[in-house]
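The structures considered in this document are given below.
Here come two complexes built around chain A, the first alongside chain B, the second alongside chain C.
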Partner chain A sequence: MILPALAPALSVAVPLAAAFLAVVAPRPRLLVGVTVPAMLAVMALAVLGVRQGGPLVLAVGGWEPPLGIALVADGLSTAFLVATALTIGTVLVVALPQFPIRQNETRAGWAFWPLAFLLWAALNAVFLSGDLFNIYVAIEFVTLATLALVALEGKAKQVEAAMRYAMFALFGSLAYLLGVALLYAAHGTLDIGLLAQLPAQDTASLVAAGLITAGLAAKTALFPFHAWLPPAHAGAPAPASAMLSALVPKASFYVLLRFWFDAMPEAAGAIALQLLGALGATAIVYGSILAVRQNRLKQLVAYSTVAQIGYLFLVFPLAGGSAEPQPWTAGAWTGSVFHAVSHAFAKAAMFLAVGHAVLAAGHDRMSAMDGLTRRMPMTAFALGVSAVTLMGLPPSGGFTAKFLLLTAAFASGQVLWAAIIVLGGVLAAAYLFRPLARAFLPDRGRYGTVPRAQQALPLALAMLSVVLGIVSAAPYDFLQTGRPAAAEEGLE
Partner chain B sequence: MTGLDTATLFAWCGAGLIGIGLYGFLANRHMLRRLVAFNVVGSGIFLVFGASGARRADLGPDPVPQALIITGIVVALATTALLVALVIRYADLAGRATLPEDEPGDDGKE
Partner chain C sequence: MNQALPLIILATALVPSLITFFLAEDRVWVRNALNLGGAVLKLALVVFMLAEVGRGQVYQTEFELVPGLSLVLRIDALSLLFVTLSTVLWLLTTVYAIAYLHGGKNLPRFFGFFSLCVFATTGIAFSGSLITFFLFYELLTLATWPLVVHKGDAASIRAGRTYLGYTLTGSAILLVGIVWLESLTGPVAFAAPPQLAGLDAWSLRAIFLLLIAGLGVKAALVGLHVWLPQAMVAPAPVSALLHAVAVVKAGAFGIVRVVYDIYGIALVQEIDMGLPLAAIASATILFGSIRALTQHGLKPLLAYSTVSQVSYIVLGAALFSQTAVVGGLVHLVHQGLMKITLFFCAGVFDERAGVHDIDEIDGIGARLPWTSVAFTLGALGMIGLPPIAGFASKWYLGTGGLEAGQPWVVAVLAVSTLLNGAYFLPVLYRIWFREPGPNAAAAETEGPAMLLAPPIATAALALAAGLFAAAALSPLGWATLIVERQYAP
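Showing the complex of A and B:
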């Protein structure tokens, strides 16, 4: 079968072509109508291909590594590809009426479409790259599309948020690039598969690992590099925020996961792993406390992302430990991926639903939630369902993720991390109940509404994050396709 | 050759440029100056990268870093162009080209 083998190339090429078409022939309805179903078909091909034949490897142009650059789709890549396709697909359909292009064409209405498709292509390129330098180019591509989306509305506040983001992102890419240069100098290859076979205990590799980790942490908005995220994500239009908050930090986290577990599992030291975990734990607590104190809906959701990103980094201490194989490492690794995917669905749903509430109310103060259960029941329900995932209540995907992480924490005797995970759930409830409680208040007939068909889409996305928890066995097995050995035996 | 070969000299120059650029990045608040500093750091990294092409004297120069550097320069150019556009836009809107010091939203209010 040739078709599944082409799936990696198509998942970059199709959105890239759509981005160019959106510039030349700006007809979003047609483009979304063709691209989204086409991409879902490509995703089905990729899933089938990986299930049947294991990881798909495509040497682009017929050049084999180390000279050529391979596109690799294993279980982990494909899981992120599918999550991206479902999230961006829904976001684009929701965005259609919000960025009309025929009547009253605006700069934002025109520019949103090529940027959204570019972001999609760039994210897929990150998830498929099997080479650290290719990842650098792809992640820069993500950053550029993100920057433009943040500044989309072109007001001083948004442009300022974009520049603040740019400062962190620039620092991040330079650190990453220097790390890549040092790795190349030490080993003469940047292919992840080849790096995995080399010993990585020398000084150059360790310095490179530190630079790459710091750079990617800045791009992921890990505490203390989080300050850029809330103004950037809250300032963008809601459909853009949904993509930025749900997917963009996951791209750099994905690279961290690949780097530590696939490329250089031996470089991990106990102190470094505990430090990453401690920063993640601080992000959970600090981000949640700041979220509780927000009075703007979009700011609250954006601070919630700062907190939720923290969980992802708990994988490092939980998967680390001694040199012996550890039974709980696979659980921690899978749990963090589950968290990334279910948070992507829930956060995109939440931003889209909040966007609808804000559209109906005309402002994004907390009182935009008043009477939401009566005016827009589906939007209110979408918010509730995505809140269930963010709090990690059963039966959501967020619960499965936290359950796996908790099991790993207890099995490895790291009770402190378990306590942080539980505390994070309680804090999430604290910041999410405030807007949700207001949805039951009367609104005195002041606000408008949005069409029901539009309200249904965020709800569908929120339900997806719950379905992920209910039928977690199939995605769990799928993730294990081509799982790196270190995800079984532990780092170090 | 007296201890210091060309590749090492280039690598040291690159390291020096990275240091100068970092200083410029931290010491200046004007966004255009920061962008220039970012490009100086970038050039330093490319120089280190290029020097790594000579790490095996018996094999001759390794061309791969050069290909990667050219790609990196294109990326840096695109980033710089976008950021210059953003800075100009910001200067037009806000009447200054420096970011305000306080972190927005950290006090929980707008």
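Showing the complex of A and C:
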């Protein structure tokens, strides 16, 4: 069984190699045609390996921590790897006709491919790193690739959005790095597994935890650090937006999850956890209200991401904080991961579908939706299905996530969070049904179209988020692989 | 077989729906064959199950999604009451819709969502646990919205927005109630009601209110009914579906489940929620009838009539009497048959003579005799004239009210009957006794058969349900069986 053990290394190496090849031999069709199936195969190996043998640990160069660094693939990281592979894989295929290299060569057409592959490699590196400094490096690569993707077409607005993002991201990186340095000074290790065994109630650790959390929250675009997200995600070309909105905030959230639940589970004070929850709740309400007020499709979808990110942070008050796992802990923790994954599928599908609608209409005003059910039924369907997930309605992964979070909120007696979760769903309906209703209007004027095969891809991605809601038992169990036994118990 | 049958029946609606979405607009025959084929197959399976369940068989399928969230499909006598109604009416409505929308636009989308609605309704009926019920209930909301906005004009979009605003908020409230309840008791299955007796009475009351408020939106209880008359802008087959088969019935059915299969009527009385629920139902009955009086349009009149009539079901469930429950349950079927007849006929009047308002209907009986006869039967049934089905419902409800020691129920029914007469009889008078107006004069002849047969069939069924109410397999017989089997103290 040497092959599954190699899966972690391959899932970083393969996209990285593709990124280099895309620079020296820019042939996107060939690269996508080889890389995407190869990565799906690697994912299958990783899933098989984790299911059969538990977490896969690869000590790079044969050096065990704390001397060396480890790549760890447990249930959680593998879930994020698979979600990333499916999302980016689809995005890249959709992007093929939108970023051609051969005909009328443009900078955007050329630069998109290495950046996209680099982003993929960097994301996977984040998900696999078992070491806080390693994570720092990987996250910096994510930021770099994101920055370049936002500014890809070089228009003034995009460059401005990229600059704004750079400011927030830089602050985030500095804060995170400072925190990491403090931790290293205090404990002499940055390995997550080793940190977990140390007592972490000293001042240095707490300050470090605060800095790390603030830095990562800025990168996740948690309210009040959200201001960079809408212009950046709405400004980038649709396939880039799809990756940025669906995956990039999840990377920093993933690290937060690792940090609070694996590295320093006992450091979290009740106030800090409630504060994170409150920021998440504010993001849900505030982001949704702003989304309702948008008149541009891509802006609306981008603000929806601000709101949806808020749900992720409810995991901290609902599952975090006590040394003794409560019966609802596993449900809340898994619920937030379900939310992250199904939102990734749905948001990527939505950006891709909106991108198609915008391509056909030539602009991204609301009227680009007019008559969509008739002109491009598959695109309309993709939008509808992904909207169902974002609203958290059954049957979808979004509903499963919401149900698990709601159950935890009631079981732990934190009814306020339950109210926010439910309110967020209604608000999501308010901003999503506005464009959807227009799809039923008759269309006026002239519209282009998009080939059916292209339209089918976002639909497939959106359906994945529904499948996650129907076939949720296996993913639920899979996610628990490698978690401490006590935390696996769910509410019955 | 016992495990697979619920799934197969669900598939008879889901599979045609999914295929229909992807059919090209001009493949009319494939589309019609699929939808009709699904409906006929489903009817055959349901008839088979009626016989089996009548002999005491219970079907159950269950699989777990995540801890605490299981999909439970369970078919008992109450499920079958609802499923049989929706299956028969689905078949007829499909026939009607094919003729009514003939040559229209966006038909794959329409029939796709139409079948999806039926799938969701069937799922609601088959739900064996509260959360399963919720899954299908929410799916129904989503599947009906595209039908409401089908015409794609500004009024439809507005109606769609109101519809979603009410129903999604209602479901959100319902979900809170469900999760709260399950956080106290664990997953709630209808077959094994949770032990609620030891719980805090105020929590129980609050949860009850949340559940009923959430369900009351679809059941169009007074105050939560606003979406229903607005949704009348949808094409006639959709109105028929909303009013008789799917949406309002899903709400009423849910209320029956909550009162009888979750709380139990005894506990509902104990926490003093029975009387308020009966009072709200009565208020809705009177309110709907009074509003119906002031309508000029035929479809708005029928809409307010629905608001009023659906609450008979709720009233039956709220009263502490077996007879009253029988009356409520049987009205689920009776109201469905009569109301769908009226909507079918309203659609024909519109299609053949351009009748929208009540004063345009003068003398239409001479031009469209069959439709007018069907309409008359439906209307008289609504008023409660024997031997049409509506009479049996009212009789049982009234008797039940007396049994429960609530004689005022009889007064509510009497006033409601007078009001029913007051808004339906003038319409009947205009149809039969006025000189033909411009609409009647310009009306086309009756036909095609596919438009005419469904209302005649449902009117005949409504009449038969009343005439043969004493038979074991009549809706009344079945409702009595349900109550004896499941709810006998």
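We adopt the following convention: the second predicted complex is superposed on the first by the 476 of 492 C-alpha atoms of A that agree within 3 Å, B and C clash if a C-alpha of one lies under 4 Å from a C-alpha of the other, contacts with A are read in each partner's own complex, and residues count from 1 in each chain.
Keep in mind that, in the parts below, contacts are C-beta pairs under 8 Å (C-beta built on N, C-alpha and C of every residue); 3 or more make two chains touch, one makes a residue touch a chain.
Everything numeric in this text was worked out from a predicted model, so none of it was measured.
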| item | value |
| --- | --- |
| First (chain B), second (chain C), both or neither touched by A:472 | second |
| Which of chain B and chain C A:43 touches, first, second, both or neither | neither |
| Which superposed partner A:373 touches (first chain B, second chain C, both, neither) | second |
| Chain B versus chain C as contact partner of A:295, first or second or both or neither | first |
| First (chain B), second (chain C), both or neither touched by A:170 | first |
| First, second, both or neither for A:441, with chain B first and chain C second | second |
| Chain A positions touched by chain B in one structure and by chain C in the second | none |
| Partner chain A, residues of chain C touching it in the complex | 21, 63-69, 105-106, 108-109, 131, 134-135, 138-139, 141-142, 146, 149-150, 152, 156-157, 160-161, 164, 168-169, 171-173, 175-176, 179-180, 182-183, 186-187 |
| Interfacial residue positions of chain A with respect to chain C in the complex | 330-331, 334, 373-374, 377, 381, 388, 391, 393-395, 399-400, 403-404, 406-407, 409-411, 418-419, 422-423, 425-426, 429, 433, 437-438, 440-442, 469-470, 472-473, 476, 490-492 |
| Chain A partner contacts - residues on chain B that touch it in the complex | 18, 25, 31, 34, 38, 41-42, 45, 48-49, 51-52, 55-56, 62, 64-65, 68, 71-72, 75, 78-79, 82-83, 86-87, 89-90, 93-94, 99-100, 103-106, 108-110 |
| Chain A - residues contacting chain B, complex | 66-67, 133, 136-137, 140, 143-144, 147-148, 151, 154-156, 159-164, 166-167, 170-171, 173-174, 177-178, 181-182, 184-185, 188, 227, 230-231, 234, 290, 293-296, 299, 303 |
